[in-house]
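Take a look at these structures.
Consider the two complexes below, in which chain A is the common component and chain B and chain C are the respective partners.
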Partner chain A sequence: MSLRIEPADRPHAIRLLVMWVILSIIGIIAVLQIHYPPYDQTIQGEDQSKTLALLTAMATPVFIGVVMMVIYSAIYFRRATAELVDGPPMLGNTPVQVAWIGISAIAVLFLAFVGVTTLASDNVAKLVNAPGRSINTGGQTGSATAAEQGKELQVQVVAQQWYFTYRYADYGGVETTHLYLPLDRPVELHVTSLDIIHSFWAYEIGVKADANPGVDNVFHVTPQKTGSFTVRCAELCGLWHGQMSDTEGKVVSQSDFDTWIAQQQQDYAVIQKAVPSYAPFYFPEPTVKGS
Partner chain B sequence: MVRRLLFVGAGVVVVIIAMVALVGNFMLRQPGPLGQGTTTNVHLETVAAVSDAVEWPRPDDPHPDWVAYLPTTILRVPANSTINVQIDQEDGATGLRNAFWGKVFGTEGGKMHKGNPQEGDMTSIDPTMAAHTFAIPDLGVFVPLLGVGDNAAPGTMNVITFSFKTKGPGIYHWQCFVPCAAGTVYGNGGPMQTLGYMGGELIVS
Partner chain C sequence: MVVPNALSDRNLSFPTGLITGIVLAIPGYFIGVWTGNLFGLFDDQNTGVILGYAFAVIGFLVGLGFLNYPLARLLGWPVTAVPQTVEERTWGRYFSLSLDHKVIGMQYLVTILIMLLFGAIGAMLIRTSLLVPDASITPPGQYIMLIGLHSVMMIFITSAVILGPFGNYLVPLMIGARRMAFPRLEALSFWVVPPAAVILAAAVFWGGFPTGWTGYPPLSEQAGQGMDSYIVGFVLIAIALVTSGINMLATIIAMRAPGMTWTRLPMFVWGIFATAILGLLAAPVLATALVQLAMDRTTNTTFFVAANGGSNYLWENLFWFFGHPEVYIFILPAFGIIMELVPHFARKPLWGYRTGVVGLFGVTLLSWFVWQHHLFMSGIAPVLRPFYMLSTELISIPTGIIFLVTLGTMWRARIWFSVPMLFCMGFLFNFLIGGISGVYLSDVPTDVTLHGSYFSMAHFHYTIVGGEIFAMMAACYYWLPKMTGKMLSPLIGRIHFWWMFIAFNSTFFPLFLLGILDMPRRVSVYAANLQFLNDWVTVSAYLLFGSMLLFAGNLVYSLFFVPGIAVANPWHARSLEWQVPTPVPAGNFDRVPLIVGGPYDYGLPNAKPVADFGGLVGATGGS
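And then the complex of A and B:
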């Protein structure tokens, strides 16, 4: 089976193929230079960046091929006169159809393979709140996951109009005004809200999680680079939604974290006794009704 | 022909120079003298209804008669300076949604002073007794304001004073964290969502 190309069309076919290969290589190199969101401050954030880069690189030759065909046809196969008549009928071309379907199938199956292996990773399983349920472990590593869960740092994100506060369950439920995370330690983020729907968005660490009242929304991240990150609200929540951000989120070393959290416990001891004990979520009501 | 082209060229050059001058002026502009080390006094009154204010009553105001900070919620203060704030708090307690804000944050010495009746310096209050808070989140300033008793005579007030330092120029929002008014079921409404009542801007220049 060979591609039956009319002798007159061969120059076009060769020209298109060569152009496509060259432009695709240039295009792939170009798109791989772009920064893909979010950022590599956590392992999960880096995974997201890499997946986006791969998908974009795979889509580039397809995009270039389509655009190139349109422009090339418009220039070379333009009808010379303005008569409105149908072109010659096309009666199918089996090799072209086989090649087209075959290449599409290979591309889609490859992406499916990438997706399945990504889902199979523990990182993703944890990100979607199913630790130990990644499809490649089959429950075999259940005990290891339980041990790992034990050392995960539990941090609660409490959204309210218009500020995020944080509570550290492992440190007496101490509430703080900024989010600090220790380096290289898996973190279990519990996102909730005290009033209406907000969204906890920390771009650099790769988390955007709905903050709903009465809901404990769990996300897992493992910071791998120290530095600052920004927390902002990603769900329109009223007058000061646009100001509901904090640039002082930080990933710090474990020792710096220990110093910081001890200082927070000391500073906030005066109010800590009035703060309700740590719970998955809260239903606060004003104790006295306003005027 | 040549003269026309010269005119076009000259025009383009003039436009480019004008644009460079305009943009360069913005980029090179030095900030004005900052209020380094100066002190500014801010005096506010919080009331259950703007018409009932003791110091700045607005009986004929066409706007809703809501709970509010008076006389204005747009505060202009100098950068890098100390701001002394006095708030005459006349409203009853509603209680904080997040008890955490019952602590004083970010003021000079981490405290506020309650002077009428005299209770001296305080670093926190009972969160259920908060009427309002004066909070500038981007400066880390959060001050809970104690409510007056339910049976207090009209005009009774808690005089709260505290100081904080401003940073560089900019517009910082400030707000109340107590769900303190009608229109509040699970989220903020009415005065909590309206400039001039329970939120405003601190314009630092």
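And then the complex of A and C:
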């Protein structure tokens, strides 16, 4: 079969092609005007916003094309007569099918390529080399070293039913009830759980990571704008799952952060003995049912 | 159903049927509870409850008569391996263990529609609760129970909503067989579904279960006895999927009429064939994981307990290894329906038959390689993410083929805009949005924001409700004239379509926005600024429910208020199932038809009629 367009197909094909090109250009320009969450409070969030915009821009011509075909068929290929008539018997067109599959394959491979490069870039946080769920790495156990500029700030997110607390390994494992992050400093989040699976979702800073008991789940983020953010739980965790949120997360300047963490350390000194020492993860007692 | 043999009066002395089944199920439950408590484990009676459900189901199946045949074989009594096809048109056959695939199809349809009503009421209660941003309408405990019941009930329904009623009823008719390959397995695949629904509903008495349909441990190990309903109910659905899967495969491979070559097989049968492969291979994985979960909950094994050496990732992997093929168990029969119906109403041959089949099997194959995209944020080894991102995005290629074949079939056609065709067009629109939103979730950077939010909830409702349920509605309007002998009113059907289409999109499209605007799934409270959108969704959901009631009204109206029997072939379709009389005779075909043409050969010069019904005698399909 050759890529010859039958005369009867030509007016439909040309009309559809012209409409599709025009509508797609308008559509792409329109969807690119939108500012996509999670906006630009962190480098990672900005990457996600850009990817969201790219995906929407790529989806627009696909959506417009198929919907246009459906509507066009409904208008122009509708049966006009009262009695049933058979349409022209077309059994298929190999070049068209090959072209459709080829174009969709190219689009998909392009998307996957963009996704992988975004992942692999330092911007989305060295995911490939991250310690991940490995239980022997990650987490600076008990270290109380002072913050060195340039080194990633180590913050542990501890989830439990039904709130998050945070421990700053670089500050003696101090435990806080809100998450404060210093501006322009790369942060390594270590997300873990005391009981069941939660998911740490800090919307505006573009972080989501499941909190698993006995697992140190690592996520990287670099704030680039000050402001507040919301923390929620994004994995069903029982009765008060919906209430497991905190609107007082903040990205603050380094000096504000130093003031804040000093205050936190002061408060923490009182309860320090009751809190287990900093570790990659924790197993509260009892661990066996009925014991 | 064992038909007494005239030569022997030896037979079971007690009657079997639905009432006997229920009568045996009740003591079965209490014997199970008592047995379970004998072990004296520190398990909050979970062993008792699980065994109680299991014994009740066994009692129910025995009472129905599932033991009659094997027992008679064991004792050497004369039995009929395949029951004779007796003309029997009583209401009673719908309430007993019937081995007729048409009766089983109708039993399935009615059961599923009743379950759908309860699932939908659950959805209405959830939406009502979300009218206000705080939990003042429904307390969190009840809200989470509703989430669990709605989700699992809907999963039970959608696993079977096309495969069960339409698969069982139509596959033998469409391939020219007189019955399914294993009629008793077929009956079993249906009769475990009502107990599964009842056991699931029984979770209400234990306060429900808090996990939603994913049942993630350790939350599911922390949960009360309601969780046992989830375990036993899901195992029963897994049994239904395996039995119907092997039955469909055997039937389609071995029972096709002479001349029904693979390239003449209707697309709906291809869709069921692909679904059967998935059901057969995926459901055992679920059953295994559920047994592990039950053991964790009862006998203190620690498969999923990290503190004692287990891992909740084991569950997440097993569950989604089942769970992702499961969503294609929902949608592949729907693809089959769309590609089946469009040629009949476009009055054109299917455009690219072989390509369409390749598309179906491409989805089937790829569905095994994508499950970890549910775990992108869970802390899996990060090097795995690019692979699962690529494999997930690759699925859009075979899915795109389904769209290509359908759109190509409509090209320069003479489309008859009947109600089933409207639902097919609605499917194309809805599933397009569902499919595109899936790409957003498959891409790791965007999944960071969208995972576990209302966006993913909107995505799978677009594919399942907008896809599978729309296809199911098309199938109802298309095939019910053959199955019930009554045409559904086309006028009400048109109103139903537009009402449902608009209400559906108005319900679920705003959920994409809610997800992008930071609303997690399964929460009973949300940010106050999202109240307007949520209220909009709730009102639309009520309207969507109203459209379903209109459908129910149409069904009841056609069944009880329309006189006479529908004509045998109201759509003037070529395919085999429309060539048999309405109501379909007990043995489907007087003689096994000889298939001489394809089902979609519209407008082809010299196209032969689809089959020669004076054909061979006893060539296949039993006596």
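Everything below uses one rule, namely that the second predicted complex is superposed on the first by the 215 of 291 C-alpha atoms of A that agree within 3 Å, B and C clash if a C-alpha of one lies under 4 Å from a C-alpha of the other, contacts with A are read in each partner's own complex, and residues count from 1 in each chain.
Keep in mind that, in the parts below, contacts are C-beta pairs under 8 Å (C-beta built on N, C-alpha and C of every residue); 3 or more make two chains touch, one makes a residue touch a chain.
These numbers come from a predicted model, not from an experiment.
Trainee: In the superposed arrangement, which partner chain does A:P213 touch: chain B (first), chain C (second), both, or neither?
Mentor: A:P213 sits against chain B and chain C alike.
Trainee: Is A:V275 contacted by the first partner chain B, the second partner chain C, both or neither?
Mentor: first
Trainee: Applying the touch criterion given at the start, work out whether A:I25 contacts chain B, chain C, both or neither, answering first, second, both or neither.
Mentor: Neither partner.
Trainee: With both complexes overlaid on chain A, does A:Y163 touch chain B (first), chain C (second), both or neither?
Mentor: So A:Y163 only meets chain B here.
Trainee: Per the contact definition in the header, classify A:E175: touching chain B only (first), chain C only (second), both, or neither.
Mentor: first
Trainee: With the two structures laid over each other on chain A, which partner does A:W240 touch: chain B (first), chain C (second), both, or neither?
Mentor: Both chain B and chain C are touched by A:W240.
Trainee: Of the partners chain B and chain C, which touch A:R232 in the superposed model: first, second, both, neither?
Mentor: Once the two structures are laid over each other on A, A:R232 reaches chain C alone.
Trainee: More residues of chain A are touched by which chain, chain B or chain C?
Mentor: Counted on chain A, the partner with more touching residues turns out to be C.
Trainee: If we overlay the two complexes on their shared chain A, which of chain B and chain C does A:D47 touch? Say first, second, both or neither.
Mentor: After superposing on A, A:D47 lies in contact with chain C but is clear of chain B.
Trainee: Applying the document's definition of touch, where does A:L194 land relative to chain B and chain C: first, second, both, or neither?
Mentor: first
Trainee: What is the shared patch of chain A, the residues that chain B and chain C both contact?
Mentor: 195-196, 213, 237-240, 243, 287-290
Trainee: Which part of chain A faces chain B closely enough to touch in the complex?
Mentor: Residues 158, 160-163, 165, 175, 177, 194-196, 213, 237-240, 243, 246, 268, 270-271, 274-276, 284, 286-291 of chain A touch chain B in their complex.
Trainee: Chain A touches which residues of chain C in the complex?
Mentor: Of all residues in chain C, those touching chain A are 41-43, 135, 140-141, 143-144, 147, 210-212, 214, 216-219, 221-222, 300, 305-308, 311-313, 346-349, 351-355, 377-383, 385-386, 389-390, 393-394, 396-397, 400-401, 403-404, 407-408, 410-417, 425, 428-429, 432-433, 436, 439-440, 443-446, 448-449, 451-453, 516-518, 520-527, 572, 601-605.
Trainee: Hey, which residues of chain B end up touching chain A in the complex?
Mentor: Result: residues 48-49, 67, 91-100, 102-103, 105, 123-124, 126-128, 135, 137-138, 140, 147, 150, 173, 175, 177-182, 184, 186-188, 192-195, 199 of chain B touch chain A.
Trainee: Where on chain A is chain C touching in the complex?
Mentor: For chain A paired with chain C, touching residues are 8-9, 12, 36-38, 44, 47-48, 51-52, 55, 59, 62-63, 66-67, 69-70, 73-74, 77-81, 84-93, 96-97, 100-101, 104-105, 108-109, 111-112, 115-116, 118-120, 124, 127-130, 132-133, 191, 195-197, 199, 201, 203, 206-210, 212-215, 217-218, 230, 232-243, 283, 287-290.
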